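As structure tokens, here come the structures.
In what comes next, subunit A is part of two complexes: it sits with subunit B in the first one and with subunit C in the second one.
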Partner chain A sequence: MPNLFVEQLSFKYLHATTPALQGVTCTLQEGAVTAIVGANGAGKSTLCYALAGFIPHFFQGAMQGRVRVNGKDTKETPLADLVTQVGMVFQNPFNQISGAKLTVTEEIAFGLENLGIARDEMQARVNDALDLFGLRAAASQSPLVLSGGQQQRLALASIFVMQAPVMILDEPTSQLDPDGTRQVMETIETLAAQGRTIVLVEHKLEWIARLAARVLVLDQGALVADGAPREILERANEWGLNETRYARAARLARERAVRKNDARLPQTLEQAVEWFQH
Partner chain B sequence: MNQSFFLDRASGWHALHPLTKLAVAFAILVTAFSVRWMFISVALFVLVIVPLALWGKIWREVLHTTFTIILPLALSLALVQGFFYPGARDVMWQAGPFALKREGLEFAFVTGTRLLVIAGAGLLVVYATHPADLALALVKAGAPFSLAYIAVAAIQLLPEMQGRAQSILNAQQARGLETEGSVVVRVRAFLPLIAPLVYGALENVQERALALDARAFRAPRAKTSWRELRDTPRQRVVRWLLVGVAVLLIFISLLSLFVFH
Partner chain C sequence: MDIQIRDLTHTYPTGVEALGGVSLDIAAGARVVLLGQNGAGKTTLVKHFNGLLKPTRGSVRIGDWDTREHSIAQLARRVGFVFQNPDDQLFKTSVEDEIAVGPTYLQIAPDEIQARVAYALDVCALNAVRAAHPYDLSPWQRRWVAIASVVAMRTPIVILDEPTTGQDAVGLARLARLLEEWRAQKVTVVVVTHDVDFAVEHFGDVCLMAGGKLLARGGAEVFAETAHVSRAALDLPQLMRLAQALGLARLPAHAEEFVDALAHENGS
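Our next item is the complex of A and B:
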């Protein structure tokens, strides 16, 4: 049963001349990672804001169509109620630190305090999150002294404890180094394995190939492709995206007749091994 | 680098309820501004602020920060007011057209020592109070949650802003901008720092606001707290007494202004 429906969604920001989204319709599968890709300005973040209810509750503009999360219309549901249905993690880890808490533990509890969760329940959820997100050793440290990767895992943990069934991750690794990226992506992999519904906006296509069950492509605000990662990522160049290193290597091998293999281009290491052995 | 002003020490002053510490600071400030005796601020600093800082095991930090902030200000006050205080007549020393006058120096002394008390009393509270406890205490006392958050987050994120400013200065230094030397050089270096610092902060405001909303910051429901605050009936009595004394001092001060003059 899908828990995110988007129907004919269009949105134009206040004072903008062109719409950021144009007639987007899709349903997102429960318990799977759905990736959203597209060039800069394609409308990826806008779609995320709409899925999380920030459009229309935070951003002003003209909205048409509708978004339903677990049966709730985001237009008619207050943002404060939507946060228990859909959580969102943003690009910059530092900006997601509340600034009002001195330790990682207290920072994770911040959202729960705002929801009025009882202290016993809060402690149980925070304890679970410290282990799941590998933050136990940093529990008593200031959130401000953590590395970028740790801060982004802290942001994920802070949303995770609110127990929203859907998590929207808008380029969560865009400001991280390769090690920080790996830490965050492996955490997302763990969440996906637990059956969380995850929407992931990401430019690093190799991680999408590894994590996503499905890929949506946005181009100038419109949904132009929707399918399995291997099928979609093979056409990455069509939408101005950089293909994965595995696809590039295989394509070059095919073009230079090093390998005569007409199978789909590989997008992951495992697929590449198989492709080159063929 | 310490990421907060809060200094976690085991002391009786730390253990007090945040509102008690705020009431003490408030009473000190009101006394400094309402008692018409030019040495009242010095007396408050020496007899109240320093002993409390000793009790809180934060005297080094309080004295160091207070004097680092206040001494340059006091010096410039003494020079400007000493030489240019309007209406002053009692010349103490003269060099050509410049005359140092007693009234100006007295005004600088009163203002400088009041600033000393403001900084000292403020630091007594922020150095010895966990920001989350301060916010919780303010909210429980009826302050709007968003205001309490802003007050606490501003205190907490200030060191981070200082770090960012230093990074920008370093980057500008690396590109040949002079940032050290005379006051004029430092002021000149300050100007190119403002634009990237303020622009960067504004750029982050939207994402910070979204991130707060994603964590139910504006949820209209009763909030709970991870931390527990300890309060005692004795502290509550002391708080009311301090506030009462402060209000009385303000009243007497206003009375003397409007009735006796």
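Our next item is the complex of A and C:
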């Protein structure tokens, strides 16, 4: 059952001259990863804010259309209620740290405290998150002295523990090394398999190809494409996306007649091996 | 201007030894990339170049200056630094005022400041937002404002900590052009990044770090040293992974090299 409906959504920030979103309509399925891709400035983060309710409740501007999360219209539902339905990890993890807590453990527990979660349950969730996101060794450290990668893991952990059925992840691995990225992506895959609705904004298209069931492409605020990853990502250059090197090499090999393969361009290592061995 | 690092050790007040005896020479005009997992010591290392950190043991020389004997303000004349989090260095109310801060501090003449700001706005594609408040911009735009601020300083050494973060194809192409401009101007450039594909395509001088130590240094061939790549907890660049999987003899850095290698294997 889909639990996220977006209907003719348009939004212009308060002092902006052009709209950040124009007439976006889509429904997102639970238990799946839906990727949102697009060039910088296309409206990806703005769409995320609208899905999480920060538009209209936090960001000022002109909103038209509607977003419904598990049947609740985000315009009519207080943000305090929406956060139990939708968790969002911001693009800049440094902005997600509350600054109100002295340790990583306390920071992760912060949201749960505000929801009045029972202490035993809170401790169990926080302990799971410390291990899942590789923060056990930093548990007693101040969030403010963490590295960029650690702060990003902390942001993910803080939202993970809220157990919202919908998770919006805006470039959640931007600060992470390949190992860290892999761990987070595997966790995302597990969460989707457990039934959560995951919205993932990413520039790393190889991971989009691996994880996403569906890819939405934004271009200048409009939804311009919606489809299966390999079909969409083949047009990466058209939309200013960071084409995988696999796709780039396959295209070049085809152009130079080093390979005669009309199959869709590969986006992962496995697809590339198959494509080049054809 | 060159950078000389001798047996550099840095221990944070928490007791964590982030660098354990790093020695490295970076020649004037060189373009070097530092790769390694989170916690390898990359940012700790580069923060010694502009004096944000001082050695616990060992030394860092920026040209003929020992960083232990010069303040951050003095070192700012020689080393431009773009932080991993650009928000740490933005504090003016307009983009063009922000870019002008560095040259103003250097007491550059007003018309020269104006020229430098205009150049930096152009090279960093910020003309359309020159009057905007930096904090009204998206994170990727704020990163470019921080880069533009360093461009306007015209220091002989530039350090970019994770400049590829959040960049789309246009942004990466713009960054690549800027690296070429700096190469032509013989600026010494040190970049920290996790983007191994960008690194291998644009840098012929690659340093692998792990556990606070320098593991290896060289061209693209450093990726062929499996033990070092494993210790650095890095993924191989995509085309090198593919070349290995296909059993190609060469590890290519670019798509053109990869296709050449394929053609060679085909005998075509």
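We adopt the following convention: the second predicted complex is superposed on the first by the 255 of 278 C-alpha atoms of A that agree within 3 Å, B and C clash if a C-alpha of one lies under 4 Å from a C-alpha of the other, contacts with A are read in each partner's own complex, and residues count from 1 in each chain.
Everything that follows uses one rule, which is that contacts are C-beta pairs under 8 Å (C-beta built on N, C-alpha and C of every residue); 3 or more make two chains touch, one makes a residue touch a chain.
Fair warning: this is a prediction, and the values are worked out from it, not measured in the lab.
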Subunit A as common anchor, with subunit B and subunit C clashing or fitting: clash
Touching partner for A:Q194 - first (subunit B), second (subunit C), both, neither: neither
Touched partner set for A:S140, first subunit B, second subunit C, both or neither: neither
Which of subunit B and subunit C A:Q163 touches, first, second, both or neither: neither
First, second, both or neither for A:Q91, with subunit B first and subunit C second: both
Which of subunit B and subunit C A:E171 touches, first, second, both or neither: second
Partner chain in contact with A:L115 - subunit B first, subunit C second, else both or neither: first
Subunit B versus subunit C as contact partner of A:T18, first or second or both or neither: neither
First, second, both or neither for A:R256, with subunit B first and subunit C second: second
Touching partner for A:V273 - first (subunit B), second (subunit C), both, neither: second
Clash with subunit B (superposed arrangement) - responsible stretch of subunit C out of 37-45, 73-81 or 145-153: 73-81
Subunit C-contacting residues of subunit A that also contact subunit B: 91-92, 94-95, 145
Footprint of subunit C on subunit A - complex, ascending: 15, 39-41, 45, 91-92, 94-95, 141, 145, 147-150, 171, 174-180, 203, 206, 236-237, 240-246, 248-249, 252-253, 256, 258-259, 269, 272-273, 276-277
In the complex, subunit B residues that touch subunit A: 1, 3-4, 6, 130-132, 135, 149, 152-153, 156-157, 160, 204, 207-227
Interfacial residue positions of subunit A with respect to subunit B in the complex: 49, 52, 54, 58, 79-80, 83-84, 87-92, 94-96, 98-102, 105-106, 109-119, 122, 126, 142, 144-145, 155, 158-159, 162
Residue ranges of subunit C touching subunit A (in the complex, touch as defined): 14, 36-39, 43, 84-85, 87, 136, 138-141, 162, 165-172, 194, 196-197, 233-235, 237-239, 241-242, 245-246, 255-256, 258-259, 262-263, 266, 268
